[in-house]
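Two complexes, one shared chain (chain A), two partners (chain B, chain C).
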Partner chain A sequence: MSDLDTVMVKKYRNNFLKEVEANVEEGEWVKMCMQCGVCAGSCPLGPYWEHPPQEIFMMIRAGKRDEILRSSSMWMCTSCYNCIVRCPRELPITHIMHGLAHYAERLGIAPKQNPTRKFARIFWGNLTKAGRVNEPVLGVGLYFMNGFKEGIRTTLKMAPVGMGMMKTKRFNPFAFMFYRGCKGKKDIHKIIKKARELELAKAAKFGG
Partner chain B sequence: MAKKEYMFYPGCSSERLASASNYEISAQAMCDVLDIRLNEIPDWNCCGASIGYAVGGELPRLALSARNLAIAEREHPEQDIVATCAACWLATREARDRLEEDGVLMREANEALAEAGLKYEAKQRVRHMVEVLIEDVGYEELGRHVKKPLSGIKIAGYVGCQTNRPFGIEGESFENPKYLDKLVEIMGAEPVEKYDKKVACCGGALGFSEPEKSQALIKDIVEAAYDGGADMIVTPCPMCQLNVEIYQNQINKKYRTKFEIPVLYYSQIMGVAYGKTSKEVGLDGQIIRARKLEELAEKG
Partner chain C sequence: MAEVKIGAYVCKGCGLGERLDTQALAAIATREGKAVFAKEHDVLCSQSGVEMIRKDIEAGEVNRVVLAACSRRAKTDAFHFDTVAVSRCNLREGVIWTQPDADEARELTQEMGEDYVRMSCAEVKQMTPPRPNEQAERNRHVLVVGGGISGLTAAVEASRAGYPATIVEKGDALGGWAAKLWRRVPTRAPYADPRETGVAELIAEVEADPNLTVYLNATVTRTSGAPGRFAADIATESGKTVTENFGAIVQASGFTPYDANRLPEFGYGKSPDVVDQLGLEKLARQADGGPIKRPSDGKEVQSVLFIQCAGQRSQAEGHLSYCSGHCCNTSIKQAMYFKDRNPDVDTLVLYTDLRTPGKGEDLYRSGQRKGVIFTKGVAREVKLGPDGLQVQFRDLILDQEVSVDEDLVVLATGMVANSGVDIEASLQKEAPNGEQAPASQEVSVLNLDYRQGPDLPHLVHGFQDSHFICFPYETRRTGIYATGPVRRPMDIAQAIEDATGAALKAIQALENAAQGRAAHPRSGDLSFPSFHRDGCTQCKRCTVECPFGAIDEDEQRYPLFNEARCRRCGTCMGACPVRVIYFDNYSIDTVGQQIKAVDMPEESQEKPRILVLACENDAYPALDMAAMNRVGYSAYARVIPVRCLGSVNSIWVTDALNGGYDGIMLMGCQKGDNYQCHFVKGSELAHDRMSKVYDTLEQLQLEKDRVETHEVAITDIQRAPRLIEAMAETVKRVGPSPFKF
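Up next is the complex of A and B:
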């Protein structure tokens, strides 16, 4: 390419695409999408995506930053990996969707009321606290994530399931009071803290 | 045959009194018969599972798995790591592969691990228990230990997502893997042929956060098993097991169905076929009891 071409490419290159390439997990793959739509057709929750994956890829190139990052779409991903194994261009679509969701969360613009986002926050807090998931505490956190009133309603609805789990020794009521988790929890906290520092230091400055 | 040894990553749901404690019990019983020794990774931690990405991001998530990998490598670098949980396997193998391929991520992960005095070099393979059964033990040997063929039992082999994608089992297709049906057959049971929901998604973690959407998926998985004449569903994944078993009542209320089909682990049916008792394979851990299997297990 001539120098002039390079300048033109730079000028017309969309900034959000560059931002995604720099800051989103596996983001450098986005430009490889050929818009076939196999991902959207393969998604178990496909009908619930405001913008299906192939549309998201096009929107990234069109610079629709807010529409994407504030959307609930990526939060519909069940991590089934259908899209990954079927994509003819071998884009790691699941990881890109996770990456976009995480990036929106990190920027503080992910949809606040989305239930999977809320649950994912509770889940991460739960697992990092003791190094392992404390299932009963996670369950109660989930039931009460939309407030006390709904929490009581959900708890009552889930009571038969909980009783079933308790009877079959797959639920530990004592974990509410005492849960040991990992011996090396402090190590785990240090590892995660350092990893986060490194990741943020690497993130390019696109407001990310 | 010489004893096979592995570094074992059971995962959070396999802890005592956790949601897949019956999987752990039955896996141990099965391994006991097959002369497989599982050396638990000391002080293993959670892998972040399928929704850890949201807050965790890439490097913290990889570093979390790298701690388990580094400890396993320090303990027994010559042994493969084996996980029974699909999500544990996926996250750990993904971390291993990505760190091995990407020198920058490997350096950064090691920088994080150094905070805890650990170091990782990606010396071991990370495998799922069914890989060990199929590749290291082999179908023939698996069949040789059958004492009580599960005759007269029809089983829908529900492989699900994360044992199957994105890695899957060598030589199997993503769309129609056959290994679970083959295992069922070797144990003397009859697999449901053309079980069209065998690799469908149960909603995974969204079973908790988006119950209505997930239960619509689960309904189809159960319905297809009934359509195929199944007595029970068998799966290699703790998330699948939980989602497909525990919501059947709620689905019945919503869709006016009459579902009551047991959902078991492959290790439980294998354990029974190998002559273990109900308790030894955790059949008392089923919310929907697998009566046919219990009867067979208790028969002398």
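Up next is the complex of A and C:
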């Protein structure tokens, strides 16, 4: 995995495009972008993106591998689907953005401090551990995402809400201690492990 | 027809009977218009009404007919009488639909109607039904100049329609540039892959067709005559000259590729690995389905870059300012030459605006699917690198300067029309915007013996047309149709469609000529200009100003009208300073007498008169449509339709001013570069002539505001009546004309 993040990519060649097509969800659509810019103009968070989707597609074709995969841009996507609805070439832009983010994460070169990434990791860890989401742990875990002090403050602030939920049986405090998860969680762990191996093997093909 | 017997027919339908005193109108026609009788009818366009008129004509009761009913543009099928001169007195659109339906407006409405009846009677008195053209000849043979895809298609289409054709090709083979291509852009769904050119099959069809004659290595050294009776000298391969007669001519002389040597910045000429699109076609033909190799060392091409708009769509000196239309599709097709064989070859298309006409959008998508990379950018320079070429460009999306190494660079250069001699170049020393037409080889294509020059006039950038949108193929030489890239830049698919159209236009022209009828836009018109020889001063203004080159000079230097070349616009009539040119049904007098026939109220009555001379192509229909929408205008206006503003003789304006008119308006089509004039130059000439009328105004000590010239489009339904209203205001402001009696 370590050498994957320093692949040399030639400019304006097909190789990074092919890497994206092979590893990124819906990546085969990237080449179909016709650079009209409607996605960039439609994004409600547009001004906050380092590189809007249109530019990302061009950067992929231009072979700017590092710049894209280390960028925070695609982590900005809130899945509002405005761009998909409006794209004249019908590119699944939202999915491609998540796909790119995911690929960068797999390669371990996604921006470490990105809050979306942090949230995604906590969510994924929580989910895969038991095969389904342990809500109390996930919820309170998120309070501590940005440090212990802030976590304590938020927990205290939210305590009355939690008490209320407990009363109406929407919140089970024992889940902190005993959470069984789903039946075949061992198998789930195996499946995920295997899938990861396959993904990394595919990515490694482009590592040379 | 010695004796003039005018029959006036007043319609009472469509509200005319209620709004106007038709009895009084009929009385005016007989008393003032000198009609032998005036009949009223409840619905004149009905069968009984038309029958009544027909009987009168057949019985010899009348030989001139005034139809006081609706506009000349309405009910043309019903009111169709060939044997007599007809004047349509526009009471419906011209009077009742433009005036308010109110008791207080009744007097002015009636006066308007009466004036129009007077005008029609005066007009028809001066008209005779057009005689058949004595010069008319039928020749079914079509001459096709050029044996490329356009010429071949035109010839085949003419032959399929039953008209023999002769192809004169300058080169030693048929097929033109299209025959030099490896594959062509797809023309059938799914428009995804290059296809066979089909040129060989087309050539085979031509060669097998007994209706078609082909001259190779031949040129047209002289063309004379007119539609229906063209004569062309063809200098053939053997050195002999053959003279043949033709009914019509299709000029499909095609294009010359822009000389890429004029683009040293892109390394053309410095490295054999920089080619233009035709150069790549050659490489692809050499490869014959195998890998395309670069010319310098025979290495298989692994990376290729296409520079779009090379030397075109640029204002730089020596570049083409226009888009050649086909090059984006062509580059996509050529990138597929590489991708289809080996998807690992890197193909980069550098464009600023990808323009893919026709079904090119599908081809573009297919190219993307195949992995062709499209980059919005501007090429700066192509240099020789250590191993191949180094291309520097600016990526306009990522906003950065880039340098890439390439095995091969293809320049998408443009098309230069093979339009022969620019006959107007000497007239317009320099175009107003300083832009110069690309230099075409100054060898005439048609060698016309017309007074106006040996080739077809250009529209813009050296392309031969008269209007790309409104009247395609219609050049300014009747019976000669330009088609293919000599008309405007186009690809094969468009050229085939274009040539088919041109062949049909040629057939239409020769059939019209056979019957002595005019071609577009007055198609079917039998009238043609004549002149009184004794009055002519040989000033040559008519021969110079005729937009269609229809007038030559005879041995005694009098104008020589070639009726079949004439479009019947009357520009010669408007130009003639001694007013000796006339049509049977349209002359200085037909309009002049209408102007005089209008009842001119005395100054004290405070009823001014505004004369509106409106072009029948756009301005008059606009006023008609305004009437249909009940958009009114001043009841003091008197509108006379003219064939073209170019036919307006300044004597009409002078006479009208002397006769006491308070205001005069000329309404013609848009002039200038984006002209809409159906006769190309008519409106412009009229504007020019009218600028000289201001001298007359000064002499008569009249206000300049009294004469106005306007450009009116057919869509100016609201604006045209407003212009008349504005003139009425002006007249009110400057006061009545001092020339009233």
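FYI, the second predicted complex is superposed on the first by the 174 of 208 C-alpha atoms of A that agree within 3 Å, B and C clash if a C-alpha of one lies under 4 Å from a C-alpha of the other, contacts with A are read in each partner's own complex, and residues count from 1 in each chain.
As a working rule, a residue touches a chain if its C-beta (ideal position, glycine included) is under 8 Å from a C-beta of that chain, and two chains touch if they have at least 3 such contacts.
Keep in mind that what you see is a predicted model, and the values were worked out from it rather than measured.
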After the alignment on chain A, I want to confirm one thing: do chain B and chain C clash, or do they fit together?
fit
Quick one: is A:L17 in contact with chain B, with chain C, with both, or with neither? Answer first, second, both or neither.
second
Of the two partners chain B and chain C, more of chain A gets touched by chain B
Per the contact definition in the header, classify A:M165: touching chain B only (first), chain C only (second), both, or neither.
first
Contacts of A:M58 with chain B and chain C, given as first, second, both or neither:
second
Once chain A of both complexes is superposed, is A:Q35 in touch with chain B (first), chain C (second), both, or neither?
second
Chain B versus chain C - smallest C-alpha distance in the overlay, whole Å:
18
Under the stated contact criterion, what part of chain C meets chain A in this complex?
303, 344, 346, 348, 354, 364-365, 368-369, 371, 373-376, 395, 397-398, 402, 404
Show which residues of chain A lie in contact with chain B when the two form their complex.
25, 44-45, 48, 76, 78-82, 84-86, 94, 98-99, 101-102, 105-106, 115-121, 123-125, 127, 131-133, 135, 142, 157, 160-161, 164-165, 167-172, 175, 182-184, 187-188, 190-196, 198-199
Chain C-touching residues of chain A, taken from the complex the two chains share:
11-14, 17, 31-32, 34-35, 54-55, 58-59, 61-62, 64, 89
Chain A partner contacts - residues on chain B that touch it in the complex:
12-13, 15-22, 43-46, 48-60, 62-64, 66-67, 108-109, 111-116, 118, 161-162, 165-166, 168, 174, 200-201, 203-206, 208-210, 213-214, 217, 246-247, 249-250, 284-287
